[in-house]
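The two complexes that follow have subunit A in common; it is paired with subunit B in the first and with subunit C in the second.
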Partner chain A sequence: MKRGLAGTAALLLGLLVLALVVLFPMWAVLSSSIKLPREIIHRIPTYFPKSFTLQHYQKLLATSDFPAYFGNSLVVALLSAAITVALATLAGYAFFRLEFRGRELIYRMVMVAYAFPSIVILIPIYLMFAKLGLIDTRTALVIVNVTFALPFSIWMMRTFFAALPHELEEAAAIDGASLFETARYVLVPLLGPGMASIAVFAFVSSWTEYLFASVLILSDAKRTIPVGLSGIIGQYQIDWGLLLAGASLSILPVVVFFAFVGRFFVSGLTEGAVK
Partner chain B sequence: MSLKPTLLAGALALAGAFGAAPSYAQTEVKLWHMEQPPHRVARIQELIDAFNAANPDIKVVQEPQSWDQVYAKVPAAIAAGNPPDMLFAIPDFTTVVRKVDQLESVADFVKELDAEHGFVPAAVEPYSYDGGVWAVPLYNMALSLWYNKKMLDDAGVAPPKTWSEWKAAAQTLSKDGIVGVGLPANKQLYTDQTTYAVMVNNGASDLFNADGSIAFDNEKTVGAYDFYKDLYQYSSPDAANWTWGEAEACFSSETCAMILQFTVISTYDAQGGGDAANLGVAPVPHADDQADSSTIAYSNGVMFLSKDPAKREASKKFIRFLLQPDNYGKFLTMEPGLFLPVTKDGAAAGTFWSDPLVVKYKSQVEQMIKNADRGMLFGFTGGHVFPAIGAISAQNMLAETLQKVVINGSDAATAVKEGAAAMTEATK
Partner chain C sequence: MTPKTLRPARRSAGLLPYLLIAPALGLLAATLVIPIVSAVDISLHDIRVIGAAGPFSGADNYLRVLADPTFWAALGTSAVWVVGNALVQTLLAVIAALVLDQRFPGVRIARVWIILTWIVPTVVIVIIWRWLLSPSGGLVNPLLIQLGLIDRPVGFFASGPMAMTSLILINSWRWFPFVAVMLLAALQRIPADVYEAAAVDGANPLQRFFAITWPLLKPTLLVLTVMGTLLSFNVFDVIWLLTAGGPAGATRTLPVLIYETAFKAYRMGDAAAMSVIASLLMIGLAVMLLETLAPKEKRS
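Moving on, here comes the complex of A and B:
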C-alpha cells in the first residue's frame, strides 16, 4: 500500500519526536560536560555550548579513581556477559532440545528468581558471600549479575531455539558432525542474534547494577562506575561538571559494545537467512 | 682469643641483614566514613599517612562508603563478622548500630578528650544516652539561611530575621524569573532538615515527651507546617524534588535569592562566580513570637566497633591524633566551609583559619559557627534521647508529613496528627 504525503509527514514527525526523546538527554549531558561550570548551572540553559573546556574530564581522570571504576565495570560486565551467554545457550539447548523429566516445571521455575525484590535478598546474599570469603571481590559481582541476567536470558533463548528446525542438527549428524561440531558450525552461527541480544542485555544490566555493587564491594579500588560515580558526586554538594563528564564517559562502553556486538547480530541474521 | 668479639660481630651482621624487618607487630585498623568525594578522601588519606608514619606499629586504612547504603551495610557487616573498627556516624545512626551490636561506651575517652580540647556540649549531647556515650564528636554541620546580598539590596530588602520578614522578602524577590526562596517538599532527608529548621524556630523542637511518647502533634508543629506551606508558594515550581545539590545550583546560578543549606561556599566559589562580598548568610528566621533563631545541626562522630583491645587502643590513638588542633584544622577543611569545629581549641586552629577558602569567606564561616551554637537535632533534644528516633529518621517522617501538606494539599493539623500516629506506630 502506498503511503500518502500526510502519512509520510506523520511518520517522520513521529520518528523525530522519538529521536528527540532518546537523543536529547544524551546531547544535554555530552554538551554540558564541555561547558564552563557557570554555564552548566546558568538560569537559562544553553542548548549549544557557548564555552568550551575539558577541565571536568581532566579533573575526573586526574583526581578521582574513575579510571579504576571504569576498569572494574568493564571486567565485571564483560565476564558477566560472556558467562551469561555461555550458560543461557547451554541451558537453552537442554530445555529445548533434550528430553528429561520435569523439564517444563524447571523451565518455569527459572523465573522465580525475579519474584523477590533485590533489596530483600541483599542481606542473605551478603552473609552467604561473607562465609565464602567473596565480600569485596569482583567475583561476587559477576556471580550476582549472572544470577540475575540468566533466567530472562534462558527465556529469550527459547524464541531463538524454536526458530531452528531439528532437521538441521539431524542433517549435520548424517554428514558425520559430532555434537561439538554441530554446535560450533551449525547452532552457534544461527543462534548468533539470540546470543548477541543476551550479551547486550547482560552487559548493560551489569554495567548499570548499583545495589549489590554498593554493598558487596567495600574498598574504593574495586568499585564499579555507578557506585564510584555516586561517591564522586557527594551528598551535600554536587560538582555538576564532574558528574556530567563521568556520565558521558560511562555511556561510551555501552555504545561501543552494542556497535561491536550489533555487527555480529546483523551477521548472524544474514547467515541464518542464507541457511 | 675471646669469643665475645666474634659473637658480637655475628650478632651485628645478623642485625644488619635483618635490620629492615620490623621488630613489632602491626595493628591494622579499618575506618569507614561517608566522605566519598575524591578531595575529601585525599585529605583523610594525607592525615592517615602522617599518622601511620608517626606510629609504625599501627596501620590505619580507610574505606569510604555511601550514606545511601551504609544503613544496610553496617548491620550486614556486623552479622558477617567483618565490621570496620572505626565508623563515622550521625546521632540517629548510632541508635541503629547499637541495635545490632553490643557497643562499649566511650564516655571515659570523650572525658579525656574534653579535658584536653574542650568539646562544644551540644556536640556530645546527641551521643549521650542509655547511660553511655556512643561516639566521639568530630565535626558539626548546621543549616543556615544563605542569600544573595545584591538581589536583596536591589529589592530594598533586609536579611529576614522573623517569619513575616522572610515571607515578605520572598514575595518581593519573586519576580522576573527569580525564585524568592528555594525549598524542597518531598519525602527525603533534605526536606526533613528544612522542615525541622522551620519547626525549631516555632518552638516545636521536641519530638518526644519525657516519657518517650510522641510529642509531634501540637499547635507549634502545625503552625510550622502551615508557615512552610505559605512560604513554599515562592519556591521554584520544580523544587519539590530538590536535594542539596539542586538548591545550591539554583542559588549559585542567581536564580534563587535565598535557600536553606549547610553551606554553599565551595560550589558558589567554583561554579557561581565566587564574589565573597555578595554571599550572605544568616540564622534561619524565627516565628514572630519567638525571641531568637535556632536551627538543625548535625554533630558527626566516630564510633568504635572493634572488640579487640589492641584495635580499640589504636583507634583511640588515631582520634587523639586527629583532634590535635593542627591536624584537626586540616581535617575540617577537607570540605572548607562545610565542616565546623566541635572543640574549643579546634575552633582556633591555625590550619583551619588559614585555608584559602576559609580566609576568603571568613565572615560567612564565623556566622555559620555562631548559627551552629544554637543547633538542635530532632529526637535529641530536651535532655532525653530515645533510640526510637532511628525509625522516624530512617523513614523521613517529618518530610512525609510536609509532602502531604504542601504537595497533596492536606490540612496541616490533619497531616501532623497522621504523622504523629505513624511515628507512634514506627517506634513500637
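Moving on, here comes the complex of A and C:
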C-alpha cells in the first residue's frame, strides 16, 4: 500500500522516537565512559565527548574485581546456554514429534511453571543448596539459570519442529539411517536456528540474572557481573566513570553474541507468538 | 503457548519419548517442584535460623502475615506496579510494532536490534538510569529544562509517586521491545488486502486501526498480558537496586518484602507464607485472565 505524505511523516517521527528511546541511553553511557571525570559530572552535559580517556577502563580492569566477575558471568552463561539447548531440544523432539501417554498433561505442567513467582523458590533453593554444599558455587547458578530458561525454550522449540516436514525423518528411516544418524545428519542441522535462538535466550537470561546470584554466591571472587557491579554502585562515593565503563563492558558480550544469532532469536520469538 | 498446538505425531515410540523428556523434567522437578512443596512446608514452620528445623506452627505464619499491614501495603504496591507496567508496555509496544510493521530501508536490522534494551543486564539498566536521572550531572534534568518542561531539577526518586512512576517507566523501557517483537508477528499475519479494501471503502488510518488491527491483535495481546503480568509481578532487581523499596516503602512490592523478610529479618517462615500466597494469587490471576478475556476457540 502506498504511503501518503502524512503517513511518511508519521513513520519518520515514530522511527526517530524509537531510535532515541532505545539508543540514546546506550549512547550516553558508551560516550561518557571515555570522558574525563570533570566532563562526566559537568553541569552542562555534552552529547558528544569533548575529552578522551581510557582511565576508567584502566581503573576498572586493574583495581576492581571486574575481570573476575566478567569471567564468572561468561562461564555461567555459556554453560547455562549449552545445557538449556541440549535439554530443550531433546524434550522438544519428544513433545512435538512423538506420541506418548501424558504428553499434553506434562507439556501443560511445564508451561505452568511460569505462573510461580521465582521468589517462591528462592528460600527453599537456598536451604536445599546449603544442604548439598552448593552455596557459593557457580554450579548453583548454572542449575538455577537452566531451570528458568527451560520452559520458555521448550515452548520456542515448537515453531522450529513445526517447520520440519515429517517426511524428512521418514525418508531417512527408509534409507536405513538409525535414529541417532537421523538426529545427527537430518534434525540437528535443520534445527540449528531454533537451537541458536534458545541459546540466545538462555545466555541473556543468565547474563542478566541478579536475584539468585546475589543470594547463592557469597565470595567476591565468584560474583557475576550483575552482583559485582551492584557492589561497586553501593560504595560510598559513586565513581560514575568507573560504573559507566563497567556498564559498557557488560553490554559488549551480549551485543556481540546477539549480532551473530540475534535474528534467529527474534524470528523464533515472532513465529512462536502467532501459533 | 496453548497445548492445542501439539500436533498429532506419526508414530508411537515406546519408551523413547520418556527418555528424551527425562533430563528436562528431572531438573524441573528438583528445582521447581520440590522447592515449591518445600516452600509450603517452610511456611508451616517457625524457622528463624537458616538450616535449623523450626517447630511446626500450623497456620501461625499465615495468620501473622495476613494481619500485617505491611503485607497488604506491599500487595497494593504490587498491583499498581503490575497494572502500570501493563499499560505503559502495551502502549509503547503497540506503537513500536506498528512502526516496525512498515517497509523502510533498514527495517530488518531495526526489527532485531529494537530488543537491545532487553539483552542488557538489569544492573546496567540501573546504572544507566540512576546516572541519567540523577539531579546532579544526569542528562535528563538539563534536557527537560532546555525543553522548558520544568524549571528546576526534579528528584526522580524523591517522593513515593515519583519513584514509582520512574520505576515503571524504566522497567517498561526494558521490556516493551520484547512485547513489540511478539506483536509484530501478529501484525504481519494480517493480510494487506484487508487494509486495501478498507481504504477503498474510505476508511482513514485511525478507523482502519480500530476496525481491523486492534481486533486482530487482541488474542496475542491477551497472551502477552498474562505473561507480562507474571513477569512484571516477579521483577525484583530493578526495584531493589534503584530504590530498595523506598522512599518510606512506597515501592516495596511483594517480592521486595519477601526478600527483606527472608534475608534481612531472617523470618523464613513468614517469607515462605507470603510467597505461597503470592503464587496462589498469580495462578488465580492467570487462570482468570485467560478464562474471562480469551476468545472461545474451537479445539483442533
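Following the convention adopted for this analysis, the second predicted complex is superposed on the first by the 240 of 275 C-alpha atoms of A that agree within 3 Å, B and C clash if a C-alpha of one lies under 4 Å from a C-alpha of the other, contacts with A are read in each partner's own complex, and residues count from 1 in each chain.
Just so it is clear, a contact is a pair of C-beta atoms (placed from the backbone, for glycine too) under 8 Å apart; a residue touches a chain by one contact, two chains touch by 3 or more.
Remember, it's a predicted structure, so these values are computed and weren't measured experimentally.
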item: Partners on subunit A (subunit B, subunit C) - clash or fit; value: clash
item: Which superposed partner A:Ile174 touches (first subunit B, second subunit C, both, neither); value: neither
item: Partner chain in contact with A:Ser230 - subunit B first, subunit C second, else both or neither; value: both
item: Partner chain in contact with A:Leu5 - subunit B first, subunit C second, else both or neither; value: neither
item: Touched partner set for A:Ile123, first subunit B, second subunit C, both or neither; value: both
item: Partner chain in contact with A:Met111 - subunit B first, subunit C second, else both or neither; value: second
item: First, second, both or neither for A:Ile135, with subunit B first and subunit C second; value: first
item: First (subunit B), second (subunit C), both or neither touched by A:Met26; value: second
item: First (subunit B), second (subunit C), both or neither touched by A:Ile40; value: both
item: Subunit C versus subunit B, contacts on subunit A by residue; value: C
item: Which superposed partner A:Val215 touches (first subunit B, second subunit C, both, neither); value: both
item: Subunit B clash site on subunit C (candidates 21-29, 39-47, 75-83 or 147-155); value: 147-155
item: Interface residues of subunit A shared between complexes with subunit B and subunit C; value: 40-43, 119, 122-123, 126-127, 130-131, 215, 227, 230, 233, 240
item: Subunit A to subunit B touching residues, read off their complex; value: 37-38, 40-43, 63-65, 119, 122-123, 126-127, 130-131, 135, 214-215, 218-220, 227, 230-241
item: Sites on subunit B touched by subunit A in the complex; value: 34, 36-42, 63-69, 72-73, 75-77, 79-82, 141, 177, 244-245, 248-249, 252-255, 261-263, 266-267, 270-273, 335, 338
item: Residues on subunit A engaged by subunit C in the complex (per definition of touch); value: 1, 3, 7, 11, 14-15, 18, 21-23, 25-26, 28-29, 32, 40-45, 47, 86-88, 90-91, 93-100, 103-104, 106-108, 110-128, 130-131, 143-144, 146-147, 150-151, 154-155, 158, 162, 166, 170, 179, 204, 207-208, 210-211, 215, 225-227, 229-230, 233, 240, 243-244, 246-247, 250-251, 254-255, 258, 262-263, 266, 269-271, 273-275
item: For the subunit C and subunit A complex, residues of the former touching the latter; value: 1, 3, 5-13, 16-18, 20-21, 23-25, 27-28, 31-32, 34-36, 38-39, 42, 50-51, 95-96, 98-99, 102, 104, 108, 110-124, 126-132, 136-139, 142-143, 173, 177-178, 181-186, 188-189, 192, 195-196, 199, 205, 220, 223-224, 227, 230, 233-234, 236-237, 241, 254-255, 258-259, 262-263, 268, 271-272, 275-276, 278-279, 282-283, 286
